[in-house]
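Following: one structure in C-alpha cells, then a few remarks.
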C-alpha cells in the first residue's frame, strides 16, 4: 500500500479536547506511504464517511487509517465506507486515540505524542494489509434455544413461525420458567398463567419446535452456521410418547412429602410428579432421589397403575446431537439465597433477617406461590408456621441488591414493582390486613408503572417506610421487625405475622459453566456479557450466539419478551441468506515451507488445522503439510505463535503487520 | 647475521602499540578448549604457541563477519546516503600462522579484480602482520600440499622463527616489518629452524584436473552424505570470502551491511522463481572444492586454499577438504578420465 | 521515547494485549475516564495465544523499557484455550529470559478482563512508575545499536 | 577510494503495471552529473535498492540510446520486489551498475536476428529489439517469438504490436494452451513448438533465447534444426546475484562468474557450465 | 568385544535385507573423534567402530534427504541420542517402524568425559530394537545434573547479560548448532525468512541474541540433551547452559522429560488448566 489516507476524528470534543488533532494529521503526512491526511469533527457521521469515500476516489487511495474511537465501535462503519468507494474493506485500520488516549490522558503534549505514535503504528500495519474477500460458508437453518422461560418461548415461537426449525432445551420437566410460578403480573395484574399457558401450548404443539425437557446442553462444537450441539436428555423414567398424562401414577405415589421445587418449598409433591397443572409437556417425571423403586428397588406402584406402560425404571441419560446454525441463551434468573451460607465466598448472606430460621420469613417467589390460585394453598394467604391469616405483613425491598457489602452492587430493577403488586394482592385477599414496606427508593420507570405504585399506596393503603430493616426477631409467634423511617426520622418496630423479602436477582445456577461451553463472556456477577451495551445488546462476542432475558441482566417480562424477539430477529437475518459470509481474517499456512510437525494441529481449539498431503500433478506424494479448514478457523492465531518455522500466518494480524507496527516504534 | 627478539620484547611492543591507541590482535584462549584470533586487551593474553591453529582466521580483520557498507536516512520521499568514511584503525596481528597470512595475498586478487573493494583494501593496508613459524602440526594440516610451508612468508610483514626458551629470530619481509622491529631486535648469529611440514597429502595440480573430469563421479555424493550443511568450514577458512548484503534498519533509516555467507547453504543459489541449481548437499560441497581448486586457480593462478586444516578441525561431522580431496584423488586414480557418464549429481 | 522536556525519564512501554478482554478492558478504562500515564503503546492481537515470544525480543530491540502481555483470565478465552497455551509458553520463556540475563522486572504478564477497566489502569500505572524508577533499559538497547568490528 | 557498493539515487518518473504481479518502472538519476556520465550496453543489468528492504538484480530493459531515463521490469515475489511494488512517481530508489557484458550488438551487425522470449524474460530481450530497430539498417530480418502462460501475463504487449509495424520485422506471440482469451488473435502453444511452426530461416543469423530453463531446453533442438550453430545462439542467465561486481561468489557457475563474465553467453559456453545455472 | 558384536549385528541386518543402510560411527581420518559412516554392503561393516569418541548424535542424519534416499536405515544410538529419536516420533517426523534402532549401552563419551555423561541417569537406551553391551562404569553424580546451571544462575542478571554479550559476540552465524541438532528439521528455518525479518541475519549482537533465544526456546520441552550443538560450535559458546535452562524449567514446571515416553503428548501445542502461574497479575 503506498497511497494511504489518514483521517483524524475530533469526536466532537472527546478527542480534540486533549489531543491536538491538527498536529496529528500534519505529522501523519510524514509517515512513509501516506498520501493524504485530513481531520473532521465527526468521522463516523455521514459527512465524515463521505469525506473518506470522496478522498478514496479522488486520490486513488489504497489504504485508510481512521484515528478515532475503538475499533469495537466503528471498524465496521469505516470498512463499509471504504467498500462503498470501491476499496476492499480489509484495507482499513483504526488508531484508537479516544478510549486509549484522549479519554485517559489529560497532558495534551503527551496525549498528542501518543496519538501520533498510534497513527504511525496503524499506518505501518495498513501498508501490509491484504485485500481479503469474505469466505462463503453454508448455514444450517436450525436454531438452538437454551432455557424455555418466557424469553425462550417467545424466541422459539418467532423463529418457528418464520418457517425454521427450533430445538428448545429446558432443564426442568416443563417449560414456563419463573413466570409460570407467578400469580398476577404488574402493571396490568393479568394472571401470568392466562397469558403464558397459551404460548406454552403453542411451543408444545408447534410442528417445527423440537422440545427437550429434563435436558441440558452437554457441549457445542463448530462455529457460526455450523454448530454441532450435544444435548444430554436426562433420564425422566417416563416415556412421554406413550404417557397420556392421565395422572393415575402421581395420585398413587406413596412418597407424598417431597418439597416441590416449583413451589420453592412452600408445598410438597410426589416422587412422580408434574411441576404444576398447566405443565407442558403435561407428562410426569420421576425424581431419582425420592423414588423408592429407584433408590431401594421397592414399591413400583406407578408402573402397575400406568395403563399405557409408560414407566421405565431403566431409563438412562442419552446424548443426542443436533446440527445447529445459531444459538439463543435464555436461561433466566434465580433469587439470591438469603440464608447465612452462600454458594460463593463473596456473597455473604442475611442471617439477621432469620430467613430459613423463622418459618414466616419467606422470599418474593414463595409469596407468589402463596398468592397463586394454583399454589399449594390455593391462593389463600396463610402463615407457613401455623396456617393463620396474617394481619400484618412486612415487605422488605433491596434484600441483597445495591449492597456492596453483600457482594451485589446492582439494582434488581423489578422488586419495587412486584412488592407494590404484592401489597395489592395481599389487600385484595385480606381486606383488614395491613401491608408495611421498607424501601430505599421506588424505581418504577416503566409504562404505567408509577401509577401502579401510587395506586398500591393511595387506594390499598400500603404503608411505605423509607428505611432499612436492621433485625427481625421472633417473640411468641410474632415477628418483631425493627427498622427506621428516615423521612419521619423515627425508628419503627412492627409486630408482623409474615415477612416477605424482595431478594436480589442472580443468574440461574450453572450459567457460567454454560458460558464456558459456548465460549461467551460473563461479568463478575455471572450475568452473560453482551457484545455492546447500546449497539448490540442481544449479541455476544461469539458469532452466532445470542442472549435474551434475565440471564443477561435483571429485567421484567416486557423487556425479556422484547429482547427475545430481538434475538430471534437476529437469527432470522442470518437464516435469510443462502450461505453465510465468514470473516476472512483467518489463518493460512505456507505449505512449501511447512515441515509437518503438526504443532498447529495439536494447538487449534477448533480443529481447523488438519494434516494433509501435497501431491504433484501425477498424484504421487511430494510432502506432508498442515492445512487450514477455512470454514472452521476462527482466527485466534495460536497456531501462528506455535509454528517454529513461521509457516503459519494470520490474515489481519499477520507477522508482517504486527512486526511492522512494533518496528515503527523505534 | 640475524635479528632476534625475546618474548618480553614482543610483549613490550604490544604494550607500546596498545598505548598509542592502535589495535593488536593475536591468538588468545577464549575458554577451556577454544583459542581464537581476537583483539588483545593486554600483552599477557597473547598465546604464541598454545595450539596448532586458532579456531578462526585473520580474514576476520580484513572482512569482518558483519560490516557496515554505508548508511541511508529516509527523509519523507527522499533518501540521503552517508558513506562509511571512518578510516579503519591501524592493527598489528602478532603470532598469526603462516597459512593465515598467506591467505591475504590470495584474497587481494578477488577484491581487486576489476572493481576495487575500498572497505577490504582500507583494512588490508592498515594491517601489519607478524607471523610465527609453525613448530607443531596435526593430521588436519596440509599446507605443503598447496605449496606452502611451516615457515612460509607470503602475506607476512615479518616472520618469527622460534629459537627456544622464549627467543625468536625475526625475518623482516617488508618495509612495514622493518619499521616495526627497527631498534627492537638484537643482532645474533643464531638461525631459527622449524621441523618440516606435513607430508604432501595430495597433488594439487592433479586434483585441479580431476575435479572437472570427475564432475559427475559418485565420490561427491558419498563424501557429502555425512555433511550436515552448516557454514563452520567456510567461516573458519582463511580464504573463503563469500558474502551477503542485507539492510538493517527501520522506516526512518538504517545501514546496508555486508555479512559472511557460504555456498553450503541452500539459499545461497535459490532463484526468485524457486529453482535452485544446487539443490543437494553433494553439489554444494563439490562447488566449494571446484571454486577453490579449479575456478580460482584458473582465474587468478593461485589456489583458494592455504592448507590450514581449519575446515577439518571445525567440521562437526568430521569431514573437511582433506578427506574429500584424498577421496577424489583415489577415485581419479581408480577410473582415469571416466567422462561424466555417472548419474547426475542431485 | 526521549526524555520529556522537564528532564523526567519517560519510559516506553509496549503492551501486547488480546482483543476480546484486555483491549476492551482498556476501552472500559477509557469510557470510565480512568487516567493512567501516556507511556504505553498498545498492540492489539486476537488472543494471547497469538503473541509469539519473538515479539518480546523485538519489543526490547525497538527500545521498550518495559513490556506487558495481557489477555483473558484462564477459562474466559474467546477461543477457549489461547491463554492456556500462552501461559505455558511464558512459564518456560521467562526462565530462558532470566538465564539470558534479561531484567525480569521489565516483563509483566497479566489477566485483565473486559470488565476490569480499573485493574487495567492500576497495572499500567504501576508498570510505568516502577519502570520510571528503574530508568531506561540501557543494557539491551546498547546491544542493539552496536555494529561489531 | 570509491565505495563500489554505494548506489546512485534515482527518482521514479513513471510506473506501469503490465500484469497482476509485473510492473515496469522508469527512473532518472537525481544527480545530473551522474546522469551525464552514465552509459550502458543493452543486455547489461543493474542492482536496484528499496532502502530498508534490500537490493535486487534486474536487466536494464530500456535501449541504450534513450539517454534521459532508464527502465527496469520486475515481478512481485519477495521482500524487495514487494517494496518496489509500492513505489510511486517521485519516490527515491537506489541503482548501481551497469554490470555484466551485455549483448555483442556490434558482432551481430549484418546478420538476421531471432529473438525468443518467455514470460517475464521479455524485458532482457526488449532492450536489444529497440536497439536493433533504432539502428535498423545495420541488421537483416528481425523475427520475434514471445510467449507467456496466459494473455494477462504478456509483458510489453503494446510494444509487440508496435514492432510488427516496422519493415521486415516478424512478430509471433503465443500463450500456453488454456491461457488464451476469446479475443486472442495470436498463436496458442508452448514457445518451442510455436518457434518450430514459425518456419524461420536462419542463414547468417543469430538467436537470443531468454526464459525459463525448460523453455530454453526445448528451444535448442528447434534452433539446431534451423541450422544455427551453438556459438550463434545467445542467452542471458538468470542466476541469483547479490554484489554484481564479481566478489560475493553467488553467481559462480562452473568456471565463470555470471555477473562479470556474463550474463550473456553463447550456448557453446553454457554447455561447459555443468548445468550449474 | 562390543565393536565386534556391533559389526556382527549390522552384517546380519544388511545380509538379510532388514535394512538398506547402517548409519554408524567410523574412524575419522584426520585424527578427529569419529564421523558418521553409511554402510550399505555387509563387508563394509568393518568400518564400524565403537569407543568413547563416538560423540556425534547420528539421529540428525535422519532429516537429510540424501540419507533418506538410501532406504530403510539402521541407526546406532546412545541413550541420549535415542531421546531425540522419540521426540521426532512424537512430532510425526518419522515412523518408528521405518527405522531399526541399535542401542548401545554407554559408559560415557568424550576425552575428557563430557559434562552430560558425568550426570547421566539412563545409560542404556530403552526403546530400541536391539541393545548391545551393558554398563560397566555407572555415572558418578546423577544428582549433579543442574550444578552447572545453578552455578551460573548465582550471577546477577547484569552479570549474566554481560556473560552472554561477551559469548554471543563471537557467534558468526555458521548455524552448525542448527544443522547438527536432530530436532532442527525445518526445511526453511525461521531465520531464513524475511517477510518479515523476525531475526536479523547479521551476526551482530542483536542478530545473535535474537537467534540464540529463538533456537533455545524452540528446543523447550524437546531437547534431548545430547549436546551436539555445544560440541559443534566453532567459537566455543556454551549453548548447553541455555538448553539446560529450558530442560530444568520443563521438568520442574511440567514434570516432563522430553524423549523418555513415546506415547506422551508434546508439551508445546497442548495445555492444562492447572499450569501453575505465580507471576501473572
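Read from first to last, the chains carry the letters A, B, C, D and E; within each, the first residue is number 1.
The working rule: contacts are C-beta pairs under 8 Å (C-beta built on N, C-alpha and C of every residue); 3 or more make two chains touch, one makes a residue touch a chain.
The shown structure was predicted, so the numbers you read here are calculated from the model rather than taken from an experiment.
Touching chain B and chain C at once are the following chains: A, E. A comparison of the A-E and A-B interfaces places the larger number of contacting C-beta pairs at A-E.
Ranking all chains by how far their C-alpha centres lie from the centre of chain A, first place goes to B. Once the centre of each chain is set as its mean CA position, chain B and chain D turn out to be 38 Å apart.
Mean C-alpha positions place chain A and chain C at a centre distance of 32 Å. Between the Cα centres of chain A and chain D there is a gap of 65 Å.
Annotation for chain E: residues 195, 197-198, 203-204, 268-270 touch two or more other chains. Among all residues of chain A, those that touch two or more other chains are 592, 603, 642, 659, 663, 666. Within chain D, the positions touching two or more other chains are listed as 54, 78, 91. Within the complex, the chain A residues that touch chain C are 70-72, 96, 98-101, 103-107, 109-111, 113-114, 117-118, 121, 516, 519, 521, 523-524, 529, 541-542, 585, 603, 605-606, 634-638, 640-642, 650, 652-653, 658-659, 661-663, 665-666. Chain E makes touch with chain C in their complex at residues 149, 152-153, 157-165, 169, 198-199, 203-206, 209-210, 212-214, 216-217, 220-221, 241-242, 245-246, 248-250, 253-254, 267-273, 275-277, 279-281. Residue ranges on chain C touching chain A, taken from their complex, read 4-5, 10, 12, 14, 20-21, 23-24, 26-27, 29-31, 33-38, 41-47, 49-53, 55, 58-59, 62-64, 75-82, 85-86, 89, 113-115, 121.
Chain E meets chain A in the complex at residues 91-93, 185-190, 193, 195-198, 218, 265-266, 268-270. If you check the complex, the residues on chain B that touch chain E are 30-34, 36, 55-56, 65-66, 138-140, 221-222, 224-226, 228-232, 234-236, 244, 246, 248, 257, 259-260, 262, 265, 267, 280-282, 309, 312-320, 322-323, 326, 346.
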